[in-house]
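Two complexes are shown next, each including chain A; its partner changes from chain B in the first to chain C in the second.
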Partner chain A sequence: MAEPLLRVEDLRVVFGPPGREQVAVDGLSLTLGPGEVLGIVGESGCGKTLTALSILRLIPNPPGRIAGGQILFRGQDLAHASEKAMNRIRGKEISMIFQEPMTALNPVFKIGEQIGETLRVHDGLTRAQARSGALQMLERVGISNPAQRLGQYPHELSGGMRQRVMIAIALACRPQILIADEPTTALDVTIQAQILLLLRELQSELGMAVVLITHDLGVVAQVVDRVAVMYAGRIVEEGSAAAVFERPSHPYTRLLLESIPTLDQQQDRLQTIPGMVPSLSNLPAGCRFHPRCPDVRPACREAAPASFEVAPGHRAACIAVNNYRHAN
Partner chain B sequence: MPEFILRRLLIALPVLLLVSLISASIMELVPGDPAVLIAGQSASDAEIAMVREQLGLNRPFVERLGSWYAGIARGDLGDSILLNRPVTQAIAERVPVTLALAGFALFLTVAIGLPCGIIAAVRANTWVDQAVLTFALIGVSVPNFWLSLMLIVLFGVMLDWLPAGGYVMFADDPVGWVRCLILPGLSLALLQVGLLARISRATMLEVLQQDYVRTARAKGMPMWSVYGKHALKNVMVPVITVIGISCGLLLSGSVVIETVYSIPGMGRLLASAVFGRDYPMIQGGLLVTAAVLVLLNLLVDVLYALIDPRVRYGQR
Partner chain C sequence: MASVDSVALAPDEPAGADRPPSLWQRLLGHRLFVTGAVIVVFMLLLAIFADLIQILPPEKMQVRLRFQTPSFSFPLGTDNYGRDIWSRLAHGARLSMAIGFAVALLTGITGTANGVFAGYFRRLDGPLMRLMDALMAFPAILLAIAIAAALGPSAFNAVIALSIVYTPRTARVVRATVLVVREMDYVAAAKACGARDLWIVWRHVLPNSIAPLLVQLTFIFAYAILAEAILSFLGVGPPPPAPTWGNMIAEGKDYLREAPLLCLFPGVAVALICLGLNLLGDGLRDVLDPRLRVQIG
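Right, the complex of A and B next:
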């Protein structure tokens, strides 16, 4: 395989003062190829946003910080890059859109200014050039009356419109990677579908790679090439979307998939995963999922399972999977 | 925007009407006979009658009210009893002095308080932050008359760097004018500097937590833009209101400072008018002071609307 665009290696994110740290992301590794769409799924609080913020080095510090690992983007380690070097990458090479479109835009600046300033800072455009660039972006993300919208303030726009503006800001400089952190969670269903469609169109048009974070497995199935399933700060299963959805190998993934309500299957009651996501201050030893696992064995309580290859390109961190593989 | 200003002016009008009414009624409100109070206990009946005639106290209140408003319309606020000259003339002489003093103190407040607060928030929990907080605490707890005396003793007397009091006109001697304002300006401003530093620090800390600041960073904006543009403009929304309140406090605080530094401003004029029971002067001074404050508030409202678009559209 060719060298990936982005490789995260053994990432560790911790919170709190030295000595009393809580580990929020623990030894996470992932790769992203050029033009690839990677989905990251997992329950609330499992560390998806932190992983995304780490890549742009935006973890709020204090209290949080990157305590270990590498984030390699085209040979450069972003985990240890200078703030100045990061500012050349943020918004230019790697962009991010956020979960909350209502609060992500600055209330006291006009839309046109908020899109245009990225073009001025990164591409050195003049005000007039940046304005026409912003206009083009607004048109491209499907906002009606773009010329008029340039002069409006965020409070004059609906949530869906604001998320479109965020997308316009993020893509104005044609980045190589777009990180979308639950871009549709705060929107209503019809708007969700429109935004996802727009993202997919823009992805193939610009040929960029996308990291799509969500806890909506339905979204993942529609859009992504590859998927990584996170649980309590670790990746428990990773593979092509087809493989993970058709042959889920980790018990957590299986339960996650079963918990999606479907119309065709007659279900008496909604499946849920018993138990709760462990809190950071009280992480179980061994496999972090073992207290909730229907298939738990004594060894699961002892040591964290390594990641095993179930099939080429499809890995899962579960000793049951390993035994299964050896048995075959 | 012009419509917005017009609306605010219309709101200000009743306030001015009320103040002018209260000014006019002061002589009705004081206990006893104002003519006797002014002429003095030992005055003869003839003298008291003369004062009464001069103040128009022998006319009914409604009639006096009518001529008070007619006077305002003509720009005539009556004659001062103590100074024996038109009230408007005396005030016109003094207002620029007080405005210069308060304006200079306001400049110091904003130029010191705001950057200190912002820097403290950006460097929260470092020695810089601690230093600003300590300075701000001193600022709000030192009484300004005591500070004035210390400054006069140190810089005016012992070091002899700056005049210990008095005032020269800008037109006569610009450098001397600035030198005269430095000590009183500092004395007047210190409390407001402390307040503004603390409020801008708290506001900035809150703004830095907001999602849009993270967005600005995610866009790759340089630090000066994240703090000095994206955060600062949001900080100014509440801070501009605080600055407006400071203006009012600086104007009222100047009464003490003008007295300590023997500066011939409105504050001293009104203080002596009160001690001398110079009712026409008190009435005129009250009206002019209120008008200045109303205008100031209007200015603050306009600035506020310029900064925050949500105000302009009446969403706040």
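Right, the complex of A and C next:
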């Protein structure tokens, strides 16, 4: 792989006052190459969104803060950059789109102004220039009658259309990296597919890298190159999408894939993973998945497992990784 | 203050309309709002055209025509100096409305500034709001009297005193709204786009916090007019012979037995404008508050 565009190393995000901190993201490392689409999957509350927010340093502080690690973007450590430097990067170099398109647009401004806002903030464009830039972006994200839409308010648009507007805002300044935090979760299934397709198209057209955060494995399978599976603040498995889906090596990944209901099989009950994601205040010792793991061993309770290589570029943090290597 | 009953009295919207009624249509469909608006507009006209509708200059005394009862030439009668009450009432409306408006404007600015900074920049919240609490700890009128007395009796000082007194109330309302708005996704989205805090406050937080502020300011307007009358009555407002409603009541109270109309007319005027502004504010609140909209629309 080429020199990574973004390298997160040993990131720790904690919540709460010093002394009584709860660790939400614990020693997370990942890399993102130029033009690569990385999926981060996991159950709710496993730290996916926090990881994304910490890359842009948007974690609400207090109560949360980045307690350790590095976030290297083109040699600059974002974890320790000044607020001023971050403002130059946000929206210009690294953009983000959010889960809820219904509330992510300011209800009192026309969408043309909202798309133009980023251009005015970063590129110092005039109102008129920003307007034509906004028009171009609206065309690009495939909105019908873009000229007319510029003058509409958010409440006049549907959810899918608003998400397209959000994408237009995020991409207005041609960022190097787009972070999409569950961009399709709040949308209808048919619209989901359209938005994913659009993201994929724009990604190859603009040559940007994308971090796609989702809990929907179907979404991941469709669009990502590489996938990282998170559990309780740690990455438990990482590899190319094909490798992870065909040979899931961490028991958590395996159970996740097994709990997707299939149409061709008669099932009385849906497959689930027993137990719950542990709460931050009560994290189990050792491997964080061991209370729910069907294949738990005594060593799992002792120490957190290191990350083992399953195949080149495919790693899993499980001491039993060899057992699963050829299971499927 | 505002009664919640007005919601139940809110009129039905014309059914079967193609598009949701505009803000203006909803306001005009709100009976209490319209009632309040009519009263306030009437008082405003009285204030604006006081010079045209006056029968005599408000401070013109007629020693031989004291204590006239209402008649064709003096529709509301004359007072203890033979001054025409109708003319004084109209000019009093001008002073009261001007003072009320100035206080609403000033508290609007200071209260919004305090509320926005306290609500958005959490570090300022403690110091700013404790200062506001300290001001609120005094009974409003008492504090206004103290400040006005310290500054000296004049219309300008009354505005200053009342603005200081009513700033904390506005600040609290604005702060509460800002606390909600700052957590909205579009604020996070603006931050993710690299917008600076002051830009976010100006573009995203302020415009979305305006509705409760407007409602609050109509109430402040009413309180200010009432309080100004009280200050005048107690002698710390614009000094006599200025035709303020408070002065008129203060001068009339000595003759309450013989000529009750001297106090009655300005008293009714104060009550009426306060009622009008409160109805206006209630109506605005009903229409602007999205939580109540379901019951109305």
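The working rule: the second predicted complex is superposed on the first by the 316 of 328 C-alpha atoms of A that agree within 3 Å, B and C clash if a C-alpha of one lies under 4 Å from a C-alpha of the other, contacts with A are read in each partner's own complex, and residues count from 1 in each chain.
As a convention for this text, contacts are C-beta pairs under 8 Å (C-beta built on N, C-alpha and C of every residue); 3 or more make two chains touch, one makes a residue touch a chain.
No experiment lies behind these values; they were computed from the predicted model shown.
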In the superposition on chain A, see if there is space for chain B and chain C together, and answer fit or clash. clash
Quick check for you: in the superposed arrangement, does A:Ser259 touch first (chain B), second (chain C), both or neither? neither
For A:His122, decide between first (touching chain B), second (touching chain C), both and neither. both
By the touch definition at the top of the document, which applies to A:Thr103: first (chain B), second (chain C), both, or neither? both
After lining up the shared chain so the two structures overlap, which partner does A:Tyr153 touch, if you call chain B first and chain C second: first, second, both or neither? first
Name the residues of chain A shared by its contacts with chain B and its contacts with chain C. 56, 58, 62, 86-92, 95-96, 98, 100, 103-109, 117-118, 121-122, 166, 169
Touching residues of chain A toward chain B in the complex: what are they? 56, 58, 62, 83, 86-92, 95-96, 98, 100, 103-109, 117-118, 121-122, 153, 155-156, 166, 169
Within their complex, chain B touches chain A through residues 125, 210-212, 214-223, 225, 230, 233-234, 237, 307-310, 313, 315
The answer for chain A against chain C in the complex is residues 56, 58, 62, 86-92, 95-98, 100, 103-109, 117-118, 121-122, 166, 169-170
For chain C, which residues count as touching chain A in their complex? 122, 184-186, 188-196, 199, 203-204, 207-208
